[in-house]
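Each in structure tokens, the structures are laid out below.
You will see two complexes here that share subunit A, one where it goes with subunit B and one where it goes with subunit C.
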Partner chain A sequence: MKDLKHLYYFEQLLEDANNQLVRQGKEEGKLALGYTCFHMPEVLLNLDNCFSLRLRAPKTGSMDIATYYMSNYTCEFCRAILERSIEGGFNFLDALLAVDACAQMNRCVENVEIQNLIDKEKFFVSHVDVPYKVDDSAITHYVQQIKLKVMDKLSENYGVDISDKSIRKAVEEHNALCRIITEIGNYRKEDNPRITGYEFHILTLISYACPRYLVMEKLTETLEELKTRECDDKKQFRAKVVMVGSEMDDPEFTKIIEESGALVVADRYCFGSFPGREEIILNDTEDVLMQVCRQYLVDSLCPRYMSTEKIDERRANVDYLFREFNADGVIYEQIKFCDYWGYERVLSGYVVNKDYGHPILSIDRPYMAKASGQLRTRIQAFVESLEIKKINKAKEGKKK
Partner chain B sequence: MSKYFGGCDVGSTYTKTVILDESGKIVSTNTIRSKMNSEESAKAGLNQAISELGLSSLKELAYIIGTGYGRNKVPQAVENISEISCHAMGVHVTDPNVKAIIDIGGQDVKGISIDVDGTVKAFAMNDKCAAGTGRFFENMANAFELSLPEFSDLSLTAKNVIPITAQCTVFAESEIITLVGEGKPREEIAAGIQLAVAKRCFVMAKKAGAVDSITLTGGCAKNEGLKKAIEKVLKLKVINLKTDPQIMGALGAAEYARQKGLAREA
Partner chain C sequence: MSKLGKLYTGKQYIKRREWRGFRDTMYDFYRWLVTWKDLIKFVFSSPLRITRGIFTYRWMGSYLTTTAFIDRHSMGLRGTALRINHLHFNMMIKNTTQLIANQFKADKRFGKSTKLSDKIVLFDEMMPMHLMAGFPNLFGVPIQVAPVFQCSVIDQQSMIQYLDAVENFGLPSDVCPLPACEAGAGILDDYPQIGCCYVSSSMPCDGSVMASAFQSRYFDLPTFPLTLPVRYLDMETEAYAVQNMKDCIAFIEKHTGETYDWDAYFTAMKQYNKETEFEMQKWEINKTEYPQITGASLALYRMYSFLVAASMDKRFLKVQEKVNKLMMKGYEKKEKCSKEMRHRAVVWAPPAHYYSNFSTWAENCWGINVLIDMESLVATKFFNTEDKEETLKDLAHTYERMTMRRHTNGGFVNVLDELWNVCKEFNCDMVIMYVGISCKTMAGLTGLFEEQARDRGIHLIWVDHDLMDPRTVSRKEMRGFVNRYMTTVLREEPVDESLVDFNDEKTW
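Now for the complex of A and B:
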């Protein structure tokens, strides 16, 4: 396939959290609001003159200093964010909006706050308490938290317009972005998809890690380009997989998977599009903030929720993606020492195979995959086993 | 004119080559120390193998498949297949009764269960860490100033086992030096090392769903002390293969090459 026109440009942007577009946004007088988790409603960080940045740590080298503060046995993503904060990598931020969704990210953000790592007059850190249940009282509590620790602080510190009108405008812009990403992502349902998982991962990351008003034009152009993009006659993959798991902002990991023969057709992980790139449909009768917050809580597929219905929903969602995107297998990935996914990967990996019959590869990984021979071997062996299954299935079909 | 099919397993420590004829019989095989450059290793192994058959060019082989960590660097290879699939196939053609493999290579340890047709049913593999791999044994033998066969023989003479707690190769070496310094019996320390690796193999075997009829492949399969320790922790007898267990990956690659090469002609 011909390279996507803007792919190289997008790849360059992802090499630094404080990339060219972030700097442009700041120069234009906008506020850069960092966040680290789906449970911080992204759309609310794009009100008025603000833009959201889901934090990544692409320039991370050794994490020794963060390890000193957080210990060895903690998630490398959290440590990488802290390490880069210590190195000054996020000094451009005007606020860091965090959620008490996992203890390890809490420790990271606490360190940013207590050590005063981003030393600016109006800079603030928020810790929003996110309930572990999703019912009416939990949603009410969540709304109060968001109002108190995000909306009011933005208004008090920076004079941000947090009115309903402002929220509705941000939702409209959010929905426009989601429609583009979803339309692009739907091409992955094709028999021979016109977009690779790596390319889609790049586009999704761009939508999280850059001021959206500065990337909309190029994302729209990319969608138009894809409408007429022609695939190679010969498929460049041997099997299709759904990737399910924890924090994943390293497109090189997706590249390793695809170089090993597995095309990633659905991205069910933190920083992926499921969930994250669904439109928010507002009605005119309920409180706008309530509607926005409710959608984030209801849509969350994070394994922090341990109620039976949420566990079942997550497994059913994997099955749905498997069928909807015509996958051959599922890769459960987990960043090392992620508490929630440590359980989810092992249990659901087993159950999804047993109950739904989907082939599963289960792997844990460091924050940055780089070149890992063992990882490539495991993925290739998985792909080979999927191929054999397909061949055997076809043989059985012929016999019947 | 006879047709030959090649499999080349470029491992981190050794490069193994197997040539099969149309009937699946091994007609040439060799094992050489891997060089820094995977392509050169594969070229050397394949050239040595074909020269024994009186062939002058790799192009005279009907089909070549590469495997091992340097699998994509094998010259003239039509394709590459993971060593997990190749070990399963290699063992299957050697002894179809074997249902599971513990493969201990230079830099990884794998548990593989085999389906009735020689394909992989399930597998488990270590991560980046070198604990319990061939590299680990090399370091341990070096710490004892012994060769690998001498180290294996030493462990077999132990009446007791001194447990080794460190999993990490670096820390284990340090622990062993401390134990030797304390005057602990060397054979018991060696047996402790074998047991520590056997326990790691137990985990891989169980993760891969291995239940019975297990064999060992890879260079460490020749380590009799390790074999005994694995039999002890798994509580079953390890099946000895009639062909060199170290070449199973290359043999599986050659068998796949034979099947695919013949299918292509048909």
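Now for the complex of A and C:
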């Protein structure tokens, strides 16, 4: 396939957290608000003159200093974020809106806070308490937390307009972005998709890691380009997979998978589009903030939710994506030392295989996985096993 | 000079009982007999079912080593400290045997026991049981306590099978071994088949949250996740915490047909208040020059009485009263709690279950008196015993500040700043900082602990362990961390040289 026109530009943007568009946004007088988790409603960080940035630490090499502060037994993503903060890589941020949803990221943010790593007059850090289940009282609690620790603070510190009108405007812009990403993502349902998992990963990451008002134009152009994009006659993949798991902002990992013969057709991981790029439909009768917060809680597929309904929903969702995107297998991945996904990967991987019958590959990986030959070998073996399954199935079909 | 290290044989048993002088040796031996009496009484409370239990559940064999477990924690103790230690441990054993007996009596594996089983509400072990005080007709069973928690401190080898099972299933070995063992016991089908519903919990950490998915699937019972706010210092989270408690009570009422008995609840909470008062008095004495209760005796009893007994067993109050009398007497007589008292220490972070008597060793070997530990410093708020709404706030407050959660949740101030406050209050010059190598909440603050201890001139000794798995860091290796610090940094001579290097890797 011919390369996407803006792909190289997007790839360059992802090389740095403080990229060209972020700098442009700051120069235009906007407030850069960093966050680290789906549970911080992204849309609320794009109110008025703010833009959201889901924190990443691209090109991470040594994490020695962060390892001194957080030990070498903690999640590399958290350590990479801390290392980058210590290096001054996030000094452009005006606030760090964190959630106490995962202990390790919480400690990472606390290290940033205690060591005063971002030393600005009005800079603040928030720790939002996120419930472990979704019911009316949990939603009320979550809304209250967001209001007190995000909305009110933005208003008090920076005079950000947090009115209902402002929220509705941000939701509209968010929905416009989501529609583009969803439409692009839907091309992955095709028999021979006109977009690769790697390309889609890049586009999705761009939507998280850049001021959205500055990327909308090029994303729209990319969508237009895809409408007429022609695929190679011969399929460039041997199997299609759904990727499920923890934080993944390294498109190189998707590249490893695709170089090994599998096409990633659905991205159900942190930084992916499932969930994260669904439209928020507001009604006129309920409180706007409550509607937004509720949607984030309801949509979340994070393994930290403990209720039986949510646990079942997570597995059913994987099954849905498998069927909807005509996948052949599921890759459960986990960044090493992640407690949540360590358990989820194992148990849900087992259940999805046993109860739904889907082939599973279960792997843990470092934050930066590019150089991992071991992972490549495992993925290649999985692809081969999927191919054998297909051949056997075809043989059985002929016999019948 | 004591030569306690010479008692170890390198095998499971010790050569002989420690000679403590005639009076104390006789008392210790009498207590050894009392433990056996309690164990035999336990078997005779339901001989057939308990015998079947011994042959059915892998963990039951470990309970036969209970006397050795108490012996380990009594080493080097004399006079008041010895007596208090035995009173504490005996009460825990009495309550545990009753807990196990009730489970076996209701166990569906051993015959139809639907009636009793339907009266049992299963709780996640890492959650206090106080809530059940309002259901006097039901039994609240912290289901993992007997197979995992209690068993792991009694026998260091006992959890290996569960860890192997869950890791063979695919769980990474870097997660906390406590919830991993709980999940492993499920994989090996090693829990009694009891209960009508299950209250899972998000406490105290991410590992526990996730293990609950294993547990819910295994128990296959109606499940209620009791999930209190993490940022519990923020007062605005209180309403949600209280609502959680109310929902939990309603869930139990729904699945058992019982109605919450507030009078029974208030009676138990009055006992809780008295017990808490006694507990705080222990700490006050330990802040003085003549501490009376140190190490595991303080920590394990506090943890057990708070989490498991939860003021629903009147015998605990009696023990507290007795202990208090002994303690005050010892203090007035300016009795020393150990042969030599060189360092006043705090133990911070979760300790190794497989080496719960580590502080006993440190005291005997180096004269390090552990005056307080993180796990003891849980909630101390007194309960309102008249107003339902107010008492529910107290209940939520107490649950939020339960063992470990009190410090590892809710922000760094609860664990980092709190440590220095505790050091100051107890006038400590040393911190034994456990490094549970899979405990991420503590690991995330490693550098800050190190820096801030240095700034304050406090001796911080890092002691690695793997909570339930003695294969990763053995007891001997744990002792090595202290030995090295004492000989290289402090250049001290041991109190008992025979304890510096000995082999106990094969013991219980």
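Here, the second predicted complex is superposed on the first by the 399 of 400 C-alpha atoms of A that agree within 3 Å, B and C clash if a C-alpha of one lies under 4 Å from a C-alpha of the other, contacts with A are read in each partner's own complex, and residues count from 1 in each chain.
Everything below uses one rule, namely that a contact is a pair of C-beta atoms (placed from the backbone, for glycine too) under 8 Å apart; a residue touches a chain by one contact, two chains touch by 3 or more.
Because the structure is a prediction, the values reported are computed rather than measured.
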- Query: Do subunit B and subunit C fit side by side on subunit A after the overlay, or clash?
  - Reply: fit
- Message: Quick check on the superposed pair: does A:S307 touch subunit B, subunit C, both, or neither? Answer first, second, both or neither.
- Response: second
- Using the superposition on chain A described above, determine whether A:D364 touches subunit B (first), subunit C (second), both, or neither. both
- Query: Where does A:R378 make contact in the superposed view: on subunit B (first), on subunit C (second), on both, or on neither?
  - Reply: first
- Message: Quick check for you: in the superposed arrangement, does A:P275 touch first (subunit B), second (subunit C), both or neither?
- Response: neither
- Touching partner for A:K133 - first (subunit B), second (subunit C), both, neither: second
- Contacts of A:C102 with subunit B and subunit C, given as first, second, both or neither: second
- Item | Contact breadth on subunit A, by residue count: subunit C or subunit B | C
- Is A:I114 touching the first partner subunit B, the second partner subunit C, both, or neither of them? second
- Looking at the superposed set of three chains, what is the minimum CA distance between subunit B and subunit C in Å? 6
- Task: For subunit A, give the residues common to its interface with subunit B and its interface with subunit C.
- Result: 364
- Could you pull out which subunit A residues touch subunit C in their complex? 68-71, 73-75, 78, 100, 102-104, 106-108, 110-111, 114-115, 127-133, 135, 137-138, 140-141, 144-145, 148, 303-304, 306-308, 311, 334, 336-337, 339-340, 342-347, 349-351, 362, 364
- Note on the structure: Residue positions on subunit C within touch of subunit A in the complex are 169-172, 174-176, 183, 200, 202, 205-207, 209-214, 216-217, 223, 225, 227, 229-231, 234, 236-237, 239-240, 243-244, 247, 408, 411-412, 416, 435, 437-438, 440-441, 443-448
- Footprint of subunit B on subunit A - complex, ascending: 364, 372-374, 377-378, 380-381, 384-385, 388
- Query: Which part of subunit B faces subunit A closely enough to touch in the complex?
  - Reply: 69, 81-85, 107-108, 119-120, 123, 125-128
